Amino acid sequence: MDHSQQQSKLTASIIGASGYSGAELTGILMKHPYISLGKLYAHTQAGRHFSELYPAIGCDRVFQSWEGDADSDICFLALPHGEALQIVPGLIAAGKKVIDLSGDFRLKNITEHEKFYGGSKESGAFLQYGMPELFREAISSSTAISNPGCYATSIILGLAPLFRSGIEELKVESVNVTAVSGISGAGRSAKTELSFSEMSGNVRAYKIGCHQHTPEIMQTLGSSALNPAFGFVFTPMIAPYVRGIYSVMNVQLRNPVSKESIGEFYHDFYATAPFVRLRDTVTEVRHVAHTNFCDISLTWQNDRSLVIVTAIDNLVKGAAGQAVQNMNLMLGIDETTGLL
Amino acid sequence: MDHSQQQSKLTASIIGASGYSGAELTGILMKHPYISLGKLYAHTQAGRHFSELYPAIGCDRVFQSWEGDADSDICFLALPHGEALQIVPGLIAAGKKVIDLSGDFRLKNITEHEKFYGGSKESGAFLQYGMPELFREAISSSTAISNPGCYATSIILGLAPLFRSGIEELKVESVNVTAVSGISGAGRSAKTELSFSEMSGNVRAYKIGCHQHTPEIMQTLGSSALNPAFGFVFTPMIAPYVRGIYSVMNVQLRNPVSKESIGEFYHDFYATAPFVRLRDTVTEVRHVAHTNFCDISLTWQNDRSLVIVTAIDNLVKGAAGQAVQNMNLMLGIDETTGLL
Amino acid sequence: MDHSQQQSKLTASIIGASGYSGAELTGILMKHPYISLGKLYAHTQAGRHFSELYPAIGCDRVFQSWEGDADSDICFLALPHGEALQIVPGLIAAGKKVIDLSGDFRLKNITEHEKFYGGSKESGAFLQYGMPELFREAISSSTAISNPGCYATSIILGLAPLFRSGIEELKVESVNVTAVSGISGAGRSAKTELSFSEMSGNVRAYKIGCHQHTPEIMQTLGSSALNPAFGFVFTPMIAPYVRGIYSVMNVQLRNPVSKESIGEFYHDFYATAPFVRLRDTVTEVRHVAHTNFCDISLTWQNDRSLVIVTAIDNLVKGAAGQAVQNMNLMLGIDETTGLL
Amino acid sequence: MDHSQQQSKLTASIIGASGYSGAELTGILMKHPYISLGKLYAHTQAGRHFSELYPAIGCDRVFQSWEGDADSDICFLALPHGEALQIVPGLIAAGKKVIDLSGDFRLKNITEHEKFYGGSKESGAFLQYGMPELFREAISSSTAISNPGCYATSIILGLAPLFRSGIEELKVESVNVTAVSGISGAGRSAKTELSFSEMSGNVRAYKIGCHQHTPEIMQTLGSSALNPAFGFVFTPMIAPYVRGIYSVMNVQLRNPVSKESIGEFYHDFYATAPFVRLRDTVTEVRHVAHTNFCDISLTWQNDRSLVIVTAIDNLVKGAAGQAVQNMNLMLGIDETTGLL
């Protein structure tokens, strides 16, 4: 993007701007050098000022009801699952670049979608999966993107080097994942079970073995969720903090591999990924909070077993930050623009 | 109470047992040596097990809808404001001992009640104010008690020695109170503003100068809230913790008093109060959490100005614990029974 | 224990009473109907009042330096690892009942002890392992007990039915454990990495695959830690809360088993254990906080894979509560005395 | 500053870069368009990478021991009190612009300094007080600045319009301040009393009426701390969160004033202050966290009494952000550069 383009910024609107991901996106786009923040759509909050809900972000825009968008070049959707299915086709037809943060367009397999999300969707309701570290070129040439789920981002980035290399030596027998999410992952709706009084001092697992990010993870790792090619058990939990996902992955390999070769392999795999940091010491959630980084640490157990730990900020790399990273690729500008 | 009485325990039921105060009361009464826990009434939770909501308390009772109570000797009411007004008269008429934890029967002055609570009430809807440290004898001879508010307890206990002594030297010119409550004080209902994600890392004041505990405090200190005899400004706040109220009271005296005489006077005033602890160092919330203690620290500023700090657990001394303390007095047993 | 014994209470002292486990023990023993609290030993805090450090517990005792103990019938030791090795033999020789909360006497295998604890110990420095649910009779006839570690308690109780039944059908191929501990587990010493500012909003794993509770778990499950009979990987983490351990165990069985038979088997195994609760829904840390319960939930994945979740309070069932449970057994009184 | 200056950025070093204020400053200066981050000095951490302590900030610089600085144009000092007194004169003599975040150069009155800070200092050890909202012009023409304390910033900004207007009507009789700070205000050093286990669920006041920011507040409001011209009592507290100061100020006026005129007056006073926001509803800490804003809300009590609430982020507006705001003024660039 040259200087003249910079002078005529593109306009980006957000549909579903009042939730935590939408608000995070607002804050990032406000500071993005090549973007002019367009309209903020939020059905239930229409008429209220953004700054009433999120005064720290310092945006005075008024939320509007969605009735179609004429002005924006780029549309981000951060809606409850099911709603984007209705809206995205029209936006694409109108020539806009689209980045959908919901699960609506993530799964190719309709049966899996219906099983894990409950609602139905038409065959073909699938968009390019927006994980830049794996699909940089395909994203760059796409006009519409399905942004990954937060757990999925933290788990896939930890496992992708093993699964997407094609190296026989690295074949995986089983993965057991236990991941802890901050409470912002449950969204902004009012629920007793998410109140400070109930969650302070608490930890709880939920949706053990049936979380809706499972098929998205399996699909990206090259397997079916309904008929898995390797053992995969995923236990999500929430703990009393706001931001961040911390995933602990116990990986059992089919063949013995040396510690050194695995470490080298991960470094090579992510050599050109600006937001993946391979850490020598075990990472922590606070190391990535409020950033777009995904930290990865590998701990060797024996020649066929290792523990992979990843940390991301669920609202940034797990949602709004990755969405902007995708947008940057789609616009042909540096992947890190507005994200460092 | 002699041994024979102990063998035939009295039955105590709780009307409104599913909120935080009701649950705390359940836990205390379960362990009380002279009480048999009766029915647990909770309208919206009827049919559910107490242990579903509060597994740590270990009570298997099922919540029931309130349709009058035939069996209990003692009724505790922990209902939303306004509801006890309808129920208490019938319970008294039925010969039960009654302890109401709401604000319904706290205020003598109807105008004040209507201004601060919104609803109306009949003249005479007033019960003996259940603050044992001030009204031990009157409580002992009462059959129905209005249990103090949580902020009111922490503020009145800090100020009562100055206001209820009748000593001219101790006359107060003004009091400025800033009090921090744990979030359990806002109850168990689902609200976005009470969610972990909104309150973690947050502090906020609310109802500045207009909190409904104000008239109760003024009444007990011998003044009217509508036409105050001394300056009184009360700012309540919530901060990110669950239990406890921490009140900082800036007191301006009319006349110079020595540090020693004030300290001595407080010690004398509370000499026989088992749950008031005068502390030489400034108290902390964790010092009283999960206890029925009210800690008080005095810090001298100059001969007419002092800072009084008190700490209580809002669910124990500020609600359920004080209610049981009142019950103990009404039953003629040791005030501390079941509370240490 | 009959009434006459109750009148002549036994005296229990605590060596290392100023840490979190020692303080919790103090609180429990103060309320225990058959015990008179003896001396509180704490080297670095000697001369200070217990109530300065833990005002909520309401104990006015002064900490003393340890110089041998003449008066007590029962000694609890809550010392840093290595110190009990020097003291316990003398206490046993003096005819006292001993319960050691450290790791000093947990491991039979000296090589494992030296590898995981660093220091050396003599062959024979092993005491009866104090897990009442598994060794009730042996504990009852012992005069000295080694109290289990906190992680070990939560993990062993979750797995014991599979490993200690001898049923071929239940043979385990591998276990992957990820466990989250509250920060009190790290003790009371001053460290920047445990400060509120560093741990608020944070989660971090540590000692992956090399935590010192590993050999104790393996030993109790019938295996060696150095030459394990089944796959076992244990990742401990801390998250921003004070009390509780939440263990997620991914178990791979060697043979297919039905969901019903496993559930039934667990119920039978713990049928007479008053502090183990098998829960139909996934448990939470707050369900067991401040209690001696161990909650267990089983979630079926497929006929050879299940996820076992357990929750305990690390300071109660994971330390002081279990220690008193052991003492109760040693004294021949009801296991739950003073713990409900 | 014109374009050519931008091309030759100025270099800013930080002396005392490993504490929370120093780290925050590092993060802000890294993104500042006109500044090149120079050396990071930190005695005890010398040799370690900044990113080991603060991985989220993404700075790879290595901490150095301070042995004089040859290269930087601007020096920020974030040292323990007393140390800057030795270093600042040399830096000024060397022609550098200096911004000191300690209390060393804040007080004109030596007696006050010695009473509140303990150590002595020479007469004349005073620098221009760096509160841009009050001293914008003086700061712009200064080469060395003393950056205000965090509590002082939140309290002075709330009160300055009343005290610095010269309007007789607004004369103040007394101010009672209760302020809650996040725990980061206590710094990064290891102390049991600041550990997560001790401060979770806790609130405590400290240094009641004797906090070292008192004389700085009084000096700026035109009074002496030792012989105050109006009643002033300040109670600082800490509560379980990391960032932010929330100050509640009870102001008693000498003369009756109308609500409208006070509100208007505050708006006029701060009309040109980009970081002061007068809020119609009561502000909250989360509204300013991670920002350089100071939010102010006024609540009328009666014609001579009002409650002023302010919120700042103690590490930003209360330290590093305000320091950069001062630097911007000293450099003649827009006050908000790098701070929005």
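A, B, C and D are the chain letters, set down in written order, and residue numbers restart from 1 in every chain.
Everything that follows uses one rule, which is that contacts are C-beta pairs under 8 Å (C-beta built on N, C-alpha and C of every residue); 3 or more make two chains touch, one makes a residue touch a chain.
This one's a predicted model, so the numbers in the text were calculated from it and none came from an experiment.
Following the contact convention of this document, C, D is the list of chains adjacent to both subunit A and subunit B. In this entry, subunit A maps onto subunit D through a rotation of 180 degrees when their C-alpha atoms are superposed, rounded to the nearest 5. Farthest chain from subunit B, judged by C-alpha centroids: A. Simply put, of B-C and A-C, more C-beta pairs touch at A-C.
In this assembly, the C-alpha centroid of subunit B lies 37 Å from the C-alpha centroid of subunit C. The distance from the centre of subunit A to the centre of subunit C, with each centre set as the mean of the Cα atoms, comes to 39 Å. Residue positions 182, 200-201, 240-242, 283-284, 286, 289 of subunit A are each in touch with at least two other chains. Across the interface of their complex, subunit B is touched by residues 55-56, 58, 200-201, 277, 279, 283-284, 286-291, 293, 295, 340 of subunit C.
The part of subunit B that touches subunit D in the complex is made up of residues 174, 176, 178, 180, 182, 198, 200-206, 208-209, 231, 233, 235, 237, 239-244, 246, 248, 250, 252, 282-286, 289, 299, 301, 305, 307, 309, 311. Residues of subunit A that touch subunit B in their complex: 20, 182-184, 186, 188-192, 194-197, 199-201, 240-242.
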